[in-house]
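As written, the chains take the letters A, B and C, and residue 1 is the first residue of each chain.
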Amino acid sequence: MTEDVIAVILAAGDSGRLWPVKDKLNLYFGNITLLNHSVRQLKKAGISRFIIVTGKKNRQNIQSLIPEKNAGISLNLIVQENNLGMAGAILAAKNLIKDNKIIVVGPSDIVEDYLFSDFNRLLAGDPEGIFVGKKLDSYSPLGFYDIDAGTIAGVREKPGPSKAKGKPAAIILDYYRDSNKLLTAISAVRSTTDDIYEKAKDILVRDGLVIKLLNYNGYWGYIKYPWHILEVASYFLNKFPDKKNEAVLHETVTIRGPVFIEDNVTILENVKILGPVFIGKSSLIGQNCLIRESVIGEGNIIGFGSEITRSYLGSNCWFHQNYIGDSVVLDNTSFGSGAVIANYRLDGGNIISEVEGKKIDTNRTKLGAVVGRNVRIGVNSSVMPGVKIGENSFVGSGVVLNSDLPENKYIEVRKDSYRVLNNKVNLKTGAMDKNLGNLKF
Amino acid sequence: MTEDVIAVILAAGDSGRLWPVKDKLNLYFGNITLLNHSVRQLKKAGISRFIIVTGKKNRQNIQSLIPEKNAGISLNLIVQENNLGMAGAILAAKNLIKDNKIIVVGPSDIVEDYLFSDFNRLLAGDPEGIFVGKKLDSYSPLGFYDIDAGTIAGVREKPGPSKAKGKPAAIILDYYRDSNKLLTAISAVRSTTDDIYEKAKDILVRDGLVIKLLNYNGYWGYIKYPWHILEVASYFLNKFPDKKNEAVLHETVTIRGPVFIEDNVTILENVKILGPVFIGKSSLIGQNCLIRESVIGEGNIIGFGSEITRSYLGSNCWFHQNYIGDSVVLDNTSFGSGAVIANYRLDGGNIISEVEGKKIDTNRTKLGAVVGRNVRIGVNSSVMPGVKIGENSFVGSGVVLNSDLPENKYIEVRKDSYRVLNNKVNLKTGAMDKNLGNLKF
Amino acid sequence: MTEDVIAVILAAGDSGRLWPVKDKLNLYFGNITLLNHSVRQLKKAGISRFIIVTGKKNRQNIQSLIPEKNAGISLNLIVQENNLGMAGAILAAKNLIKDNKIIVVGPSDIVEDYLFSDFNRLLAGDPEGIFVGKKLDSYSPLGFYDIDAGTIAGVREKPGPSKAKGKPAAIILDYYRDSNKLLTAISAVRSTTDDIYEKAKDILVRDGLVIKLLNYNGYWGYIKYPWHILEVASYFLNKFPDKKNEAVLHETVTIRGPVFIEDNVTILENVKILGPVFIGKSSLIGQNCLIRESVIGEGNIIGFGSEITRSYLGSNCWFHQNYIGDSVVLDNTSFGSGAVIANYRLDGGNIISEVEGKKIDTNRTKLGAVVGRNVRIGVNSSVMPGVKIGENSFVGSGVVLNSDLPENKYIEVRKDSYRVLNNKVNLKTGAMDKNLGNLKF
């Protein structure tokens, strides 16, 4: 990008669909957050001026995100007080962007680096605008572009499968040579729904602004539902370098495939790691553990005999003889010995998860749980596939949790689930016949 | 045997006592089924003409059994339409056996090879008939022979302990020089019970047919109850060769005692195998597993940290951190992580199992479960000793199953077993004091 | 001590506060009991005449304790028939101790060897008496001494925090040059409570007997509540020699820190031991186990994949894929596969235990269970922190035990905790898609 392009990063906070995940831009994949990843990618593409528009709730978090390392850039943080969605975010930044070239960035749209090379090539022709689109194999309820000879002819939000057919879906990476035209178009929209920005885009192209389509065919990740974190983790895992920093690996550890292991990691006897795997700094992998294709944040203690497979772990979690498969586990969460996340239905069917009161088909046959921050899971408890647990909640020992648990709750087995009888058995010492077991271990 | 002896193999299907096992002759012990085993043993003894009499229900299965490898033999398959038991099976084969020497074989009576050498020696004297008997240490409800100077003087079905005392029990391996005499005797019996065949045998000897007794003292296995499969498995395990075909054994694997490992088996890190053990082709034994004295069919995946001890596994089952002891698990069954089969009563007493509505003392203090085909066992569930699970049934996560589960059922923990409270605990970050655990791993 | 001092060892049995532990002096720490430890320590200090005063109930046990090895000492066993506490014990020994120098010993007050050197130095001055005191960091309901210029000025039983402040607490190791004075003082007390002995001590010093205070600052262990066993075990663990007697250690075993392993111990593949650890004779540690900072008695079978951490195990127990943390498990107890003792509250708070009907704060955030003798714990059951289980009781499979279970009880999951539905799922063979799991183990 040229130096005079300002990036407007939309970071106003998450939809309830992501619950119990809050603030997806704050999730670490490897040693940087999604927001940092976006900033870094844009900087590499030539951007040096950034405006990050946050919501009121997540301001604190976003501030903590600002990477001091990203020296050499100008960065403004703006809090969006209105509730007008993306359009509102742009309006909130009005004073900083007017009379400028801007690129509006949805930082949770994860794309490959080469897209920015293509972008810069198109930008070299000094167009009035550039939108990025990708043709999908199957319909998703996204925005779509009508195309006419390489330029955008219309913008349609969630048009339905038949109208979307053959059209590229919109990745939010929208360049405008003249921000004022966008601001004017936004002002012209009369809508109370959250699609003002898309309607403004449609107005612009219908009014004759020549916006080039950048056709993109690479990876496009997004996090609309919490289990999408697993797909994004899988993408990043394949991008990480194969690098072991000062890790203390016991000589009996087996590693297959690429791993990215940060400083001060300890890996103990007979651990097996099947890459790609990332392990954040100061994490410990105890004896006999099996780690497969997972992102493991920093400060985790993965105790003795656990298996972590195709999962995303935040930081400072604690495990002890657990099976965690195809799951998202956020920070400061602990699992008691023998607690298990089930990741496959008994009937092998697609896993259903409830989102904002509706049953959603995740289109996955393997999916475990999504566990919020500060959760405690008791010993020998079982969390069923697709279940989500709100932050600060406790799952009592032995509980089989088969529906979502809200925040700040405690679920336990009722005492009257048991009955106590007199035990008339007269056990003699030695009644437990050890020889029956044929003690050849 | 001489070439003119026809073997009539009684394969008309299983009694309800074997539930949830159906079609015991189709069970694989090593790489052949019980039926194949019997055919192979008879062929080795000189038989080249076989008639296999099946029931209507199991015809399909039996057909799949016919080993193409057993080339060089003549083999007829007959479906028994009547319900007259063994006698009916012989009548169904009437046209093929009349005017011939025949040997009536119960293929689930498992005997040692040397019995056939003894048999052939006796046959060399061209007797009118040979029956095989074995004196038992304790009474079982079987058929028994009265003996007079080496020949059979009478046949008694389930005569009770006092009348059976000192007499040999009948192993079904009955030779008749003239099949027509047997057919005539069967026709003469007036009975609607399932002992027509035994009554016909009694008529024959009482009418003066001179039938020699072959006294047998070797191993005699039979499968009357499903847990007898474990005893038969134990017999075969001790017969298998010590042979590892192309198995991929990790260098850290420990093997003690004889093992018979088929092609394409994979055995991973730190597995310990205590023979005798059979592992069928394409099975995988994951890290840290312990396998003891078991028959493991083909295509099984025994995941990470499981123990399989003194058990019989069919094919294509799936295990994950389970303990399976003294159990029978049939094909296509899976166990979720942490599911356990208990194989020992808390009071150390004999394990009782319910068969056709009656409590049966199995005379075993160590016995796990009998699990039918296509069963799914959820994570952290517990199956109690002596319990049987019908095919296509699911045991929900966390269930303690302490009685039989019929076919096509789903048992789950009731939701009202739990209660949800507000969690007033204000967990500070770091509330989980990691140092308390004294983290020297 | 000089040869003419008689040790009166108070061994009259335990308070109900110790339930389900009975007879704490009979507990083995390493290869000797607490009582043997005390006798051995006194013998080393010069004592050669012992009177052990037992109660009626525990006489049998105490007799079995008498170490034949302690040859060269005179040892009298007296049964205390009265119920007058410590004073009654001394009265019961009246005939044997009158006209003698005596030292009254509470053998469950565990102190370091050097205290006896200090004691002997003080004794060399031939004082009328010596009491031992230790200043505590925080108040406990014990006896306390008033001090005046190095001699005892008064004895107060449980005086409360303010009156105890700055005063040494009484360790029961009381020397009297003239036993008759003590006997007279005891006779003078009019009390029906259990503090007659303390009142007699107070009378003696107030009547002018000059009793020296021996100020002690070393380790002082006592077992007032059952979880104190863990603290005493920790003390002894650090005293044991680093010594492996004829143990069969597999070459893959990892040992860190000091271990004291007795004869005929077997330790199998991939076990990790983090000392200090004691393992009694003939115990077996199975594959993949992790043992940390624990006292493990003799004849234990610790099966496959278990972890024992900071715990005290009696003898002849049986474990199988269990986690046992910060727990006391007495003799002849067994744990089914997957049973877990939880040792940390979900909220990280202090663990509360009920003692004689009252909730007691154990002042520990890590504490598991106290399990009596001859207990059976079913598979996949969970025992909550601070819970105690009486001897001869059974915990059924899958039970979450969150309060104490009395002796001779059986607790089980109610059958109506489950419901059985018809399973309409039509599982095709191969419905369990093995490839989804990405079978790179």
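Everything below uses one rule, namely that a residue touches a chain if its C-beta (ideal position, glycine included) is under 8 Å from a C-beta of that chain, and two chains touch if they have at least 3 such contacts.
If you're wondering where the values come from, they're calculated on a predicted model, not measured in any experiment.
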Residue numbers at the chain B-chain C contact, same meaning over half shared and different meaning under half, come out as different
Cα-superposition angle relating the copies chain B and chain A, to nearest 5°: 120
Nearest whole angstrom, what separates the Cα centre of chain B from the Cα centre of chain C? 51
For chain C, residues that touch 2 or more chains besides their own: 252, 268, 270, 272, 287-288, 290, 304-305, 338, 346-347, 376, 380, 394, 396, 398, 410, 413, 417, 425, 427, 432, 441
For chain C, which residues count as touching chain A in their complex? 252, 254, 266, 268, 270, 272, 284, 286-288, 290, 301, 303-305, 307, 316, 318, 323, 325, 332, 334, 338, 340, 342, 344, 346-347, 374, 376, 380-382, 384, 392-394, 396, 398-400, 402, 405, 408-414, 417, 425, 427, 431-433, 436-438, 440-441
Contact set on chain A toward chain C in their complex: 252, 256-257, 268-270, 272, 274, 287-288, 290, 292-293, 304-305, 310, 320-321, 336-338, 344, 346-348, 365-366, 376, 378-380, 394, 396-398, 410, 413, 415-425, 427, 429-430, 432, 434, 439, 441
